[in-house]
Amino acid sequence: MKLLLLNPNITEAVTATMAAEARRSASPGTEIIAVTARFGVQYVENRIEAAIASHAVVEALVDNANGMDAAIIAAFGDPGLWAGKELMSVPVIGISEAAFLTAYTLGKRYSVVCLTERLRTWYIESAHEHGLAGRLASVRACDAAPSDITQAKDEMHERLLTQCLAAVEHDGAEVLIVGGGPIAGLARELADRVPVPIIDGVSCAVRMAEALVGLAPRKAIRGSLARPGAKHSRGLAAGLARWVGAGRE
Amino acid sequence: MKLLLLNPNITEAVTATMAAEARRSASPGTEIIAVTARFGVQYVENRIEAAIASHAVVEALVDNANGMDAAIIAAFGDPGLWAGKELMSVPVIGISEAAFLTAYTLGKRYSVVCLTERLRTWYIESAHEHGLAGRLASVRACDAAPSDITQAKDEMHERLLTQCLAAVEHDGAEVLIVGGGPIAGLARELADRVPVPIIDGVSCAVRMAEALVGLAPRKAIRGSLARPGAKHSRGLAAGLARWVGAGRE
Amino acid sequence: MKLLLLNPNITEAVTATMAAEARRSASPGTEIIAVTARFGVQYVENRIEAAIASHAVVEALVDNANGMDAAIIAAFGDPGLWAGKELMSVPVIGISEAAFLTAYTLGKRYSVVCLTERLRTWYIESAHEHGLAGRLASVRACDAAPSDITQAKDEMHERLLTQCLAAVEHDGAEVLIVGGGPIAGLARELADRVPVPIIDGVSCAVRMAEALVGLAPRKAIRGSLARPGAKHSRGLAAGLARWVGAGRE
Amino acid sequence: MKLLLLNPNITEAVTATMAAEARRSASPGTEIIAVTARFGVQYVENRIEAAIASHAVVEALVDNANGMDAAIIAAFGDPGLWAGKELMSVPVIGISEAAFLTAYTLGKRYSVVCLTERLRTWYIESAHEHGLAGRLASVRACDAAPSDITQAKDEMHERLLTQCLAAVEHDGAEVLIVGGGPIAGLARELADRVPVPIIDGVSCAVRMAEALVGLAPRKAIRGSLARPGAKHSRGLAAGLARWVGAGRE
Amino acid sequence: MKLLLLNPNITEAVTATMAAEARRSASPGTEIIAVTARFGVQYVENRIEAAIASHAVVEALVDNANGMDAAIIAAFGDPGLWAGKELMSVPVIGISEAAFLTAYTLGKRYSVVCLTERLRTWYIESAHEHGLAGRLASVRACDAAPSDITQAKDEMHERLLTQCLAAVEHDGAEVLIVGGGPIAGLARELADRVPVPIIDGVSCAVRMAEALVGLAPRKAIRGSLARPGAKHSRGLAAGLARWVGAGRE
Amino acid sequence: MKLLLLNPNITEAVTATMAAEARRSASPGTEIIAVTARFGVQYVENRIEAAIASHAVVEALVDNANGMDAAIIAAFGDPGLWAGKELMSVPVIGISEAAFLTAYTLGKRYSVVCLTERLRTWYIESAHEHGLAGRLASVRACDAAPSDITQAKDEMHERLLTQCLAAVEHDGAEVLIVGGGPIAGLARELADRVPVPIIDGVSCAVRMAEALVGLAPRKAIRGSLARPGAKHSRGLAAGLARWVGAGRE
């Protein structure tokens, strides 16, 4: 099985961190094809950057879909996710979506811990957009931002743990989610130090993508997930322009 | 990997139907151990029967947990599911929970089709109890009940298809769920005749259980999913009495 | 008027405490018939115990319904309540339901105070299940559990008062509910020491049951509260098996 | 026990109809003191009329509170109800509030049937204002208005029954409420012709007021239901001016 | 353009404060006609006073509507607002409604700061009544009430600033609303001392009223905002009695 | 006052239609500067196209912000709106946001009528994203799509009117919104043929933008609307890259 792991930001080191965690999490026989957005920003943290990333996501999906069994949008907050689901004929899953859904099976209320206050706001909005905020206990950010996003996992380790424990103690979290692509894999390291299940978007997305591939759902030909009709375009990358211009068969 | 498939009603033929679909759906290397409730009713359709079944579920989980990697509560409506999650140290998943969560990844709004009006009410309540009713488009029941629940799959095939098509046409369903253990596997047969993804609780639960086993979440030792303390009991089956009397270590 | 007061746990001393409060609260001419569950646990605190108690409730209702004008399910959290409403042809009311509804008439926002953290989670869920959490200000648990549940009322008196005052001061509670069968009657003792109305599930349920008997609503013959059709069963108590096997006339 | 039954509109014939139903519904020993608003309109149907009626309600409560054990605001839609609760030191209950709360005990979803389309909108808003719309199935109005509001009960009998049956059949109502003071008592007449419980605001309010008097809740001295502080006023009726000017002791 | 600025309380000094802010906020060519309620209380703070004020509002609108292009109900909490919308054929806007809607354009979450705890409860309910509480972060009251409501703006200046800063810091407010007619204009003075937009009900209402006049929406002749039919009345002011008795043409 | 009217799609004829309506709606002294997206599709109808348009919006805002007093994002559904608010230091308003907020002042429930089924789904989601779906009665699409989007206004005139009338009759709409940039101005033409207020996104946005400019809110320097910090980027247009790289001062 081939899973496309698409990093919506432009930082290759983050792609590598996420790909490594994806491979650690995957079943035997699952191949991870990691791709970085052609354009965009260092890491995605706010609505401006998410707007840019959403476009990058649809462009990259068109360019890399060939032969894939499913795709993972690998930025917590899921920029461009539902555009991707509309676009692709195989399953597409986001890392926050996957983590939220997994959390729903493991406890009644979940919390997300993340790196910065600005991400915190975004992740709350992401839970609401998915219709999965009803069981969200809290989103907690570290009290200081990382100096280097590619080193965040090591640098912020203890600060994130502090927030995890506070979420259990004060917010009633029964499941913890470590939110953010650059800290993929951290959940695994903290598991023995927190009293409830702790999960990570990338590993949840890999396992859930495998599950969806196994179920082999058909592509919708009705409703908002069906392939759209053809439209004229201007200024788009060649592949995306062709795709938009072709429309449904 | 060993998955316990627990039928909360007492009808062996329904257990067999669900086990067959579970085996069709499972990954290579996954073993399905199917168990039928020791006490209860023919099939579970209302709150009285669900109350009985919930007790049967906790009794059966205690008696059959040994060596299992995860358990599936295999009655749509998920009687005793959260009691089971509280009880077990491995993942426990319900077939309606699994179907609802899968639906969340495949479209914006989902509908459930089911056999009887009384089930319809229950399934709506089940979606609300899971906090997953926000994207529920409708639950639709057939306009006549099956004469024999063990033959429902064949007997109700066309009536269920009619409701599936109506859910897409009139309710805006973007994903369809065939709800009910006795009709497990029907989704597979209808897939080519409906214009959106159609899924089934048993197959979703099998694949999602595999995913959860792969993620290996720790058992909570805090919050409402932690193992409860010891309590005196009276009139319970031996295994359950022992378990209730032992409490957390 | 005869009111069945059904204790879903097996502790006779708790039955006695609740019956005493019920008799203090009842109108002249109301007779309280107190019954303890045939099987179950010491007191009901979590989903496993509630699953068992729900079964015990339906069994006990069938066995004790004869000649009753209404029934009260007397465990805060209301295990088996809606199964009971479905089963009985006279009104059935739960002690948390009765307290929540009464609170709706006395103030805009209410809080529940209870004995343990685990009960706290249950009572929040109970308010949500009744669709009555929209005006719930908080549920507060004592910071230590009682050493003996049958003595909780005396032992926890001051701790519960502390939580009552905190609910008013910090959570904006305009009505207080003392939650839990074993502490039935405590509200009466604390009334002069709190600045807002304080109520108790048992007394509310008695008065509300009397009101419902006075209104004499007909038993539904349509919808989810109608008596279900007949089903085969296995392993049930004789009375319940007969009832399940008989179905609607 | 003395219950004040306050009609917020100026039509004595409606007061008489409601008082008759209240007396039919009351327990032995309950005395109904019926009062009609000093100023206002023929019957209350919209926000303008409800604004006027709210003022009339607070004026009338001040003037008639003496010696009462509880008060009933007897216009469906409950104009001035929460102002009345804030004002009085004994329980105050509205006829729609009482009907909604009673409905919550008798079925999962309720519908209201009423005389006119304009009332329909108001009653929906009333359910929302009480935080009790979550289980509202529908509000249905007759397809023609009554020619004389004091004869509505006879004139509209069959039209209301039609809407009752439609609410059960099409909206899934498990409880029916006949909404509107002028048709008080109609529920009693229709009970045998509908397949689910059918209730009436006036009778529910009488029985619930009796229950509240029995519980003897203390008057709040904190929060929004406490008696307000003194304020200057201008142009108010003598009793109300005095009350507003006096403030809390 | 002529805007009626209607003060629902009886304090002329508050009318003057609000009129001054309204004139500072208005576009050139907008004339503010300020009117004080004929009857009522010193300032409106609770449900009793709001019930009286609602009546005063409809009376004053009938008496002063002539020649107006729009009307502003100038008490935060909007007593009688929707009655006024139903009554008038030109736009009517409330100062809390205007502030809430403006806040929706300027940030994701807003907080209101106000003078007293009792107002705090009312303003929360007002946001809910408008269906605009979904993005309400908090309502914060000063920890002491003003000694003289007509001097509140000067007296409470620093206390209100403290609450503004706390709302940003602790509640995540992205927009601040200074709530209350007597402190109209304060937002303007605090703007440089808070890190997010801060707005005021009166100025928002003036600008939004101008916008609505510019859009020239037609008066509804269907639905709950249409002019009601004629009704008999008793004890109303002459103008209002005439209006109620006339009904729609 | 200078208002930037930004068309997120690439069709100049649609820009012209919207600019004409904007100028008809504006106050004297308001200048409309109309701009068309540099890249994108013919018209925006689904999530893929909205993802592209969101990027185009932020690029165009950076390039055209200079000297503007406010900006209008002129595609119903508001692609990139909140990114734009985060980016700009002057007010930014979307045409669906403006229409929804205006509708909140004019009636209790509003409906949107639009051209296609796919737009219908988007507009419902847009109302939810704004937190303004609580008072949404329905979104109705024409039963056939326009053959040429630039002629939709004429071609679809009668079909849209049919849906408007149905929304009032069947869905209880008290305000109607004509949704979609290409049909800007249609509301004005239909006003006399519908029984409730009917509004248009472009005119509402122009008037509301003027109101916001008049209120002169400060730019947030805290929270999610503050200008973000600097980030590296790749592959962005020169202006946007400079803006992203500069960060807050």
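Here the chain labels run A, B, C, D, E and F in written order, and each chain numbers its own residues starting at 1.
The rule is short, and it goes like this: contacts are C-beta pairs under 8 Å (C-beta built on N, C-alpha and C of every residue); 3 or more make two chains touch, one makes a residue touch a chain.
What you see is a predicted model, and the numbers here were worked out from it, not measured in a lab.
Chemist: Which chain maximises the distance between its CA centroid and that of subunit D?
Modeler: Greatest centre separation from subunit D goes to chain A.
Chemist: Just grab the chain with the largest centre-to-centre distance to subunit C, centres being mean Cα coordinates.
Modeler: F
Chemist: Using mean CA coordinates as chain centres, what's the gap between subunit A and subunit F in Å?
Modeler: Once rounded, the distance between the two centres reads 29 Å.
Chemist: From the C-alpha centre of subunit C to that of subunit E, how far is it in Å?
Modeler: 44
Chemist: Measure off the straight-line distance from the CA centroid of subunit A to the CA centroid of subunit D, and report it in whole Å.
Modeler: Between these chains, centre-to-centre, one finds 52 Å.
Chemist: So which stretches of subunit F touch two or more other chains?
Modeler: 82, 108, 121, 172, 223-224
Chemist: Show me the residue ranges of subunit A that touch subunit F in the complex, using the header's touch definition.
Modeler: 10, 38-43, 45-52, 54-55, 57-58, 80, 82-83, 86-87, 118, 121-122, 129, 223-224, 228, 231-236, 240, 244
Chemist: Show me the residue ranges of subunit D that touch subunit C in the complex, using the header's touch definition.
Modeler: 25, 27, 82, 85, 91, 93, 97, 101-102, 104-108, 130-132, 134-135, 168, 172-174, 191-192, 195-199, 203-204, 207-208, 210-212, 214-215, 217-226
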